[in-house]
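Scrolling down, you'll hit the structures one after another.
Note that chain A is present in both complexes that follow, paired respectively with chain B and with chain C.
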Partner chain A sequence: MTLPQIQIARAHWLLGALFLALILEEYLPRGRRSGPARSRSLVVPWALIIGGVGVWATTVFADIVHDMIVHTLWGDILFAAGSLELARRRGVYERWWLDIVLPLAYVSCGMLFLVHNLIDPAGVGQNWHSAMGLLLMAAGLLELLRLARGRAPAVPISLLPLAGFALVLIAIPVAAAS
Partner chain B sequence: MTRRALLLAGCALAVLSFPASAGAHAVLVATTPRWGAELKATPQMLRLSYNEGVVPQYARVAVVAANGENLAGVPRVSGSFVVVPLRPGPRGSDTVRWQMVASDDGHVTEGAFTFGVGVKPLPPVPAPGVGVPVAPELLAWLQFLGIVLAGGALLFRAVVLVPAARVLGEEGAPDARAALWVGVAGAVIALHAGLLAFLVGAYPIVGGGLVSFLATQIVPIRVGTHLGQAWMVMTFAWLAVLALLVGAWVTPQRRERLLASAGLLSLAIAFGISWASHPDSRGTLALVADYLHLAAAALWVGGLVALALLAGVMRPRARADRDALVRACVLRFSRLAAPAVAVLALAGGYLVLREFPGPAALFDTRYGITLVIKTVAFAGALALAGYHQRSVAPRLAAGAPVASMRRTLALEVALLVLALALAAVLSQTAPPG
Partner chain C sequence: MTRGLSQSRLLVAVALIAGGVVWALVRGLDFYGMAPAHVGYDLDQPPLLLVLVGAWLVYRSRRR
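Let's look at the complex of A and B:
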């Protein structure tokens, strides 16, 4: 199955909007959440697991071998991170290192965007992919930094690069159409 | 926005992420004749249409007829269209192997597909003289191992351990976490070994170098071969197994049911392995026998592995409690394993009788010699299983300590793991005749 680039780009708009909604749900403070406590929302872990299966499906339906390999790693990271987060948030598994699962998932997914660019240096949307990779890596590193300092602000600064990632996704169809 | 709405949105997100495309490469979008077509005679021209322009000097196309002759003339390129004159060839399945360089980005892509002349086309065949970088036998063995761990071990829990614990009046079967991790390990190993096995299987079909293989257009091989079809279905099935295992992890009240479902689905996936190496000409009965052979082996070996793990996991418990549960499991398993072993032997015997031209081939061919060694390992394991059932089980029932069977059980597991490894070698070797 090969979709025209413009259709893929339009799908990015929807993906970006959904991603924005997910991270706002995860990181914005709400009335019923007392202080900066860790999120117990199941939305993000489920989105990660479903996203992981979706990315593995991309592995299956990919046209080119290197796309398969990169998407396999993406799928593994998303599925594993989603499963661990789900277990933690449902209270069946507690380990100190679970705090760094989500930030590490951001960093490694961001790195894979850059690896994808390295494998396919003349591919479509190189600049967009680089920006997305760097934004995800920045978000993950900021989260790791926050954890290392033991700070828990009401709105973490990592929300900025994550929102930037979502906005890049939304911007892709505009760039493709112009 | 409610959480439910967000969850639905997440599902939509996943669905939207399904289609993949590689616009950066010259992707083959149409061919005349189309791949998989059945023609009356060799066409005069082969037409290939790409999604972007290709460099004429680097266009390579070979059309290999059933007799091994290359029927292709010099390709003529016009933008994204490539026309190749063909010489007339014999009846049979013709394999087209192409390699193009995109004029935009200089990227190399390659691929292979088949069409039939006077016959239904066969899947693309490996190019002669192209070696495989990873041993396919190892990958087949890892897939077997995944089915043993996720299928055999989890079903052991469902049909042996849980009922045995219930009979002893225990609240729930022990070591749910160990069973979960064994299942996850099996599913993850098999999922990734399956992907690598598909790529390793596709590599010689395309016939290029390792680096250019990264840019291979894989669709015709994925869709047109049993290897690719089985891999697609098995991948989604293994993901479903993993989802069931995650479900079992996070919902303790439904854990046993979900673990049993994961075990059952894993055992069903074994059909994909049988299908992947099954030529149409072999017939349905051979396919069914192959599957039953593999599934029965997974139940037997997986059960023994789970039994061995159980003894380890129960170590912190009081000796009397531990012995009681392991004894109950051994007695129950020895009753259930007997039919599995019978199915295994019958299906294996049928396949040998069907596919062997004569006794001489047993010692003259690689397939035959491997089969003989495998049969010896199987016979050894069978003898030990008989010893356990006829001699050890009655003693255990009479209250003998469980430790008395530890060494023979370990030997039985080792012989069966060896037999599985040899089965993996056989699955990658053409039978004689």
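Let's look at the complex of A and C:
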């Protein structure tokens, strides 16, 4: 069973909106005292897990093998990141390296966009895939840099490439579906 | 500055809702019907999703 283009676009719109809500929840300050480094919102890990399940479902519906593989790996990364974040935010698992879970998830998901291009060089939307991958990788690297420097700005600069990625994910399939 | 940061969620929410409304006016929206199976299609359109994310952000900015 394969899905028509409009259904694929709808799935991308939904995942883009979910990701946009996730990053705004994570990185926009909630009040004068709260910063992104102290976020304990359970919305974020749940959104990651739900997103992981949604992406993983492509394995069932895709008819191109590299789409199946890459989407499965995206789902795995999102599910693992969501599970670790859920454990940290519930306070049942505290390790220093949990701070880099989200940045590493961004970087690795971004790299998979580039891998997607490499294994399917004739595929449509190569430039957009590259742009989305680079946006995610830039966001992850900016977050890693922020953590390494020990700074916690009220609104991290990585929010810009992350928001760009989410908006591209929402907007680009519009052209494909119309 | 501090006041602006504390209201950043609200500002971004307003921008998203305004963007969604403009997008809907420019592109138009499709109506699939009010049956439960079709309501999902009605809501799952980019302009409406932007408005929904904006509304979610307004809700999250007012909870505490």
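By definition in this document, the second predicted complex is superposed on the first by the 146 of 178 C-alpha atoms of A that agree within 3 Å, B and C clash if a C-alpha of one lies under 4 Å from a C-alpha of the other, contacts with A are read in each partner's own complex, and residues count from 1 in each chain.
The criterion applied here is as follows: a contact is a pair of C-beta atoms (placed from the backbone, for glycine too) under 8 Å apart; a residue touches a chain by one contact, two chains touch by 3 or more.
It should be emphasised that the depicted structure is a prediction, and the values quoted were computed from it without experimental measurement.
Once the two complexes are laid over each other on the shared chain, residue contacts for A:Ala171 go to chain C alone; chain B is not touched.
In the superposition on chain A, A:Val155 contacts chain C only, with no contact to chain B.
Once chain A of one complex is fitted onto chain A of the other, the partner contacts of A:Leu134 are absent, as it touches neither chain B nor chain C. Between chain B and chain C, the partner in contact with more residues of chain A is B. In the superposition on chain A, A:Pro29 contacts chain C only, with no contact to chain B.
Shared-chain residue A:Ser83: touches chain B; no touch with chain C.
When the two structures are aligned on the shared chain, A:Leu14 is found in touch with chain B and with chain C.
With both structures placed on the common chain, the touch criterion links A:Leu42 to chain B but leaves chain C unconnected.
Once the two complexes are overlaid on the shared chain, A:Leu142 sits clear of chain B and of chain C alike.
In the superposed model, A:Val60 makes contact with chain B only, not with chain C. Shared contact residues on chain A (touching chain B in one structure, chain C in the other): 14, 21, 25, 43. Residue ranges of chain B in contact with chain A, taken from their complex: 1, 3, 6-7, 9-25, 27, 29, 51, 104-107, 109, 192, 195, 199, 202, 213-219, 222, 231-232, 235-236, 239, 242-243, 246, 249-252. Remark: chain A residues 10, 13-14, 16-17, 20-21, 24-25, 28-32, 43, 154-155, 170-171, 174 touch chain C in the complex. Partner chain B is touched in their complex by these residues of chain A: 1-3, 5, 8, 11, 14-15, 18-19, 21-22, 25, 41-43, 46-47, 49-51, 53-69, 71-72, 79, 83, 86-87, 90, 92-93, 119-120, 122-124.
Remark: chain C residues 2, 5-6, 8-9, 12, 27, 41, 44-46, 49-50, 52-53, 56-57, 60-61, 64 touch chain A in the complex.
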